[in-house]
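Presented sequentially are two complexes of chain A, the first with chain B as partner and the second with chain C.
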Partner chain A sequence: MAKITLSHLKHSYYPNPTKSEDWALKELNLEWDDGGAYALLGPSGCGKTTLLNIISGLLIPSHGKVIFDEEDVTDLPPEERHIAQVFQFPVVYDTMTVYDNLAFPLRNRGVDEETVKSRVTEIAEMTDLTAMLGRRASGLTADGKQKISLGRGLVRNDVNAILFDEPLTVIDPHLKFQLRSKLKELHQRIQNTMIYVTHDQTEALTFADKVVVMNVGEVVQIGTPEELFETPQHTFVGHFIGSPGMNVLPCEIKNGAAFLNGSKITTTNKAPKDIKKAEIGVRPEYVTFSEKGIDAEIVKVSDAGRFNIVDTMCAGQSVKLLVQEGASIPTGSAKLAFAPNSTRIYSDGWLVREGGAK
Partner chain B sequence: MNKTVNQKAWFFVLPVLLLVAFNAIVPLMTVVNYSVQETFGDNVFFWSGISWFEQVLKSSRFHEALGRQLFFTFTILAIEVPLGVIIALAMPRKGPWVSVCLVLMAMPLLIPWNVVGAMWNIFGLPEIGLLGKTLNTLGFDYNYTRQPGAAWFTLILMDVWHWTSLVVLLAYAGLVSIPDAYYQAAKIDGASSWSIFRYIQLPKMKRVLTIAILLRFMDSFNIYTEPSVLTGGGPGNSTTLLSIDLVKIALGQFDLGPAAAMSLIYFLVILLMSWIFYTVMTRNEDQ
Partner chain C sequence: MLELKQVVKKVGAETHIYAANLTLEPGSFNILLGTTLAGKTTLMQLMAGLEKPTSGEIWFNGENVTGMAVQKRNVSMVYQQFINYPNMTVFENIASPLRVSRISEDLVKKRVGDMADLMKISAMLDRHPSELSGGQQQRTAMARAMVKDSDLILLDEPLANLDFKLREELRDELPRIFNERNCIVAYATTEPTEALLFGGRTAALHEGHVVDFGPTGEIYRHPSSLLSAQVFSEPPINTAQVTKSGDRIILNDKVSWKADKALPDGKYTIGIRAHHVLPKKENKNAVAIDGTVQVAELSGSESMIHFDAYGDSWVSLSHGVHPFESGQKATLYADVSRSFYFDQSGKMMNLKAAAA
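== the complex of A and B ==
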């Protein structure tokens, strides 16, 4: 178990990166506490797997350092870093039994058979594999195989961190939930650092205590699920997290206040003088119909279970709002109000801080 | 439900049926026909029952040829399969050298078989051939037209040169189909290179290796052209494999009855051994 520090980390798959697009991972500094459950969330190709492989040692970063506790492990191979990794597609050793699969990492490290037996039995019990120990691993279903991959990581007691690379991709939807709860339960039980890579916000938000949101090789925000939802630091976070995502509306700025189609919008922050590409962001949850406000045309109402999602057009831009099931929805034109405490000004995509700086 | 019965559909099957009839069934039945009759020419046949089969099965000539055939086939399998796997493992998986290696490997397979025989025939000549001359200069007494040992050495070397590529290409195809995650997981699990080979690469290559072994078994058991051009079965009868012996009986001595009986036995041996190979190699698949 260890605290993981990433210091001035950068990576490019090109030998001589020149443009900013050449970097698969732009400079980042991160600290991950021992025993935490973290998620790396971002769309495909945002660099989250690159980052994960750098931590596990499958990839050596072009710049920067990976530090476990106080030890610099940047140049150490995976087997010397004491990490475990579960991949997108289950990796099992087909010809071995489930027992031998779980015992494999221990036997490779020369652990005596007695210890192997007690560890394997214990881990099999934790991952619900006890009944299948004698079976050939190739005959198991995808979720069973993924449990074996996970079990091979848990079986070693020298593991610094367990890394998951979109581990639920090939799992059936109804088993996804089960396996995710299992992971959560295991985390509470063994208190090991877990880093979970995914592009699925539900997986990230339910699994992790802290979520690292990434976009085009850059860390956009690190925070608890609540922070990501309530105060997105970047319009990307607002849009990527939440269903539907945050409304992002280009606006005009006069004297530090935002105006949309001529009406003043009350926001929690003030726009600085040097604002670039001014936008306001407000989640659909915080948009309501009201007596007075901004004029909008209702385009479409879709039923999303307990809520109705209402699509409106407001000054040529699409604004979505969530309305409780059963509440009345006007037809044709309506007026919209944005909750002031949850409406913010963004400059060039980034949230404008209270002081005005980025 | 109303099913349309349309007998015209049979016409679509007819061309294939004719093709199969002419290239397989008719020749095979002709052979069966010869194998149970005796003829003295002029298209006059006498029924002889299974006497030709008995004669072939009891003849020491057949036993010896079968023995040589088995020795040849198992020797080349024992060399080509491991060698092919080793070469496939050593080949690069990525980069510009992949195509270079693949083309080099495919080359021997593209050469006509009688040319392969002729090449090695000249290559091995003690006075002018590169191989023969070199060996003799180095002090080895090597003459494949006179020494049975030298003839066998050349014959096996030629087959290894000609056919190992096939095993390499199949094994390589099996290797590149293994996802990177397997190697990464093995690295993290602390597996040695031997463990990676034993538990990841070999199991993943199993299917293609089964095909490779079956193909090499059948082809080498049927081999005729290359040894016939290289040694013609000599010196003496030392490299007379089954197919060469068969041609000698059928076309050299024109003994149609024994030749036909031998062909059928030959065919059944290949069929039986292929079946055994296949069953043994796929035995554990469904567990």
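== the complex of A and C ==
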């Protein structure tokens, strides 16, 4: 296990990058604590796979360093980094038994059979594979095979980190739910550094203690799931996390305050003088119907079971709000209120900090 | 109107569909909800005429179409794995179903343009599928399926392979698109939330059986059986065995609550959805369930707590962040006024719809 430091990391697949778009990964500095659970989250093409490949050693970055504990491993090949990886598609040796599959990484490193047996038994118990140890891997279902891949990733106790690359993609939705909580449980028992790459917010947020949100080659926010939900640093994070995502509403600014169609909106922050592309961000969870507020027209109510998603037109813009199951919803016209502590001004996409600086 | 009358599909010794009876009304949006292998795809292939039923009949607008070839029926289908012609532009891909029917080039242009606008791929019309993102490719495939006026459009998990956010966006757009047409839509999904958001009518499928069919919200809030409730719950619905005796429902010697008089004495399975089991007592009807936390998944805005109590696995889904350590003893509160009661055959016994 190790602490992982990424220092001034940058990568371009071009030999002489000039434009911003030439960088698959823009400059990035971060530290991952030993034993933490992390996620890299972003849409396809955001650079998360590039970053994963740099950590595993499949790719040497054009700039910057990868450091495990105190050791610079930037130029080390994958096999010398002691990293276990679990991929999107299960990698199993079909002709081998489940036991031999799990034992493979240990035997490869000349571990004695007694230790192999005790490790495999332990890991099989954790991954619910005990009953299948004697069976050939070829007969297993997709989730059974993926459990073997998981188990193989966990079986060595000398790895620096375990990397998961969209490990639940091929798993049936109802089994996804089981494997997801299993993985979380395994992390709590093993306490190894785990890095989980996905485009699925639910997987990232439930698994990780800290999530790195990426968009177009750039880290837009690193934070706990709660921070990402409560204080998105960028409208992209607000939109990408949460379902439905944050309402992002272009607004007017007068004396540092935000206005929608002439109505003043109370926000946690003040707009700076040089604000660019002023927008208000407020999550649907923090919009309510109220006696006083901004006029809105109800466009659509979608029943999501636990809650309703209400689409409104408010000040010429689409504003969504969440209403709990059983609560009354007006028809036609209504007034909306935005919770002041959860309503913020964004400048050119970025959250305007208290005091006005970006 | 599309009617399936006692439709059975067997393949060799295996039965894939057991005597399905379904009536899909004109202009309706119908969801086929179930896990993989529940029979959704087979049912769609039967509806389309791609498969012939082993027995039973399929009627369309009063005409028996059982065994009529798919080419003779005005049907479109979209698969989970988007299929486009790689050597054609997006425009030609979308236009292809119109090429067989002899309509003027102007009308083709208009139709394709309208469809591309709706699917937000107007800027991509001159490109080839390989130059598009996965989401754009799937929208191209969907635009092609919808460009002609089909009587029946079948969508087999069309959003399953797309990114989360794109799925959300298309989920919003699709009903609007179909609202403007007078075709019958059947839409297969594994996700209860997706079914709810689409509304319309839902058929709950389980291992080849249609276990429920009706307006989506009604099926969700008043499932006719335990199987239907299980198909329509994500996370899984909590179940436990209880005994009704006199005016009490008894879970075990520690936990019991007041019974509805209308329920006869006897043994029942209760079903309580995860969001009615909370880490705090928020409802006076809630009963305390003491258990051991397996794992707590905190998503930043919600907490999902998996715990064991009295020999059953339970799941709680609540707002906010409620941290628990694995192995920790905890008390969770089940709002039993929201529980379903199923008799020993699995039949729903609640008289009025419990608003679950």
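Going forward, the second predicted complex is superposed on the first by the 358 of 358 C-alpha atoms of A that agree within 3 Å, B and C clash if a C-alpha of one lies under 4 Å from a C-alpha of the other, contacts with A are read in each partner's own complex, and residues count from 1 in each chain.
Just so it is clear, contacts are C-beta pairs under 8 Å (C-beta built on N, C-alpha and C of every residue); 3 or more make two chains touch, one makes a residue touch a chain.
What you are looking at is a predicted structure, and each value in this text was computed from that prediction instead of being measured.
Visitor: Just from the overlay, do chain B and chain C fit on chain A, or is there a clash?
Guide: They fit side by side.
Visitor: Please indicate which partner A:A304 is in contact with in the superposed arrangement: first for chain B, second for chain C, both, or neither.
Guide: second
Visitor: Look at A:D200 in the shared chain and tell me whether it touches chain B only, chain C only, both, or neither; answer first, second, both or neither.
Guide: second
Visitor: Now for A:S181: first (chain B), second (chain C), both, or neither, which partner does it touch?
Guide: In the superposed model, A:S181 contacts chain C only, not chain B.
Visitor: Would you sort A:K270 into first (chain B), second (chain C), both or neither based on which partner it touches?
Guide: A:K270 sits against neither chain B nor chain C.
Visitor: Quick one: classify A:T95 as touching chain B (first), chain C (second), both or neither.
Guide: first
Visitor: In the superposed model, does chain B or chain C contact more residues of chain A?
Guide: C
Visitor: Could you read off the angle at the CA centre of chain A, spanning the centres of chain B and chain C, to the nearest 10°?
Guide: Result: 70 degrees, to the nearest ten.
Visitor: Which value, in Å, gives the least CA distance between chain B and chain C in the superposed three-chain arrangement?
Guide: 7
Visitor: Going by the contact rule set out above, which residues of chain A touch chain C in the complex?
Guide: Going by the criterion above, the answer is residues 43-45, 172-174, 177, 180-181, 184-185, 188-189, 199-202, 205-207, 224-230, 239-245, 285, 302-306, 309, 325-326.
Visitor: For a test of understanding, state which residues of chain B touch chain A in their complex under the given definition.
Guide: 179, 181-182, 184-185, 187-192, 195, 199-200, 203-204, 287
Visitor: In the complex, go through chain A and note every residue touching chain B.
Guide: These residues of chain A touch chain B: 56, 58, 77-79, 83-85, 87-89, 91, 93-96, 104-105, 108-109, 136, 139, 149, 152-153.
Visitor: Write out the stretch or stretches of chain C touching chain A in their complex.
Guide: Residue list for chain C touching chain A: 35-36, 133-134, 163-165, 168, 190-193, 196-197, 199, 216-217, 220, 234-236, 275, 294-295, 297-301, 304, 306, 317, 321, 326, 355.
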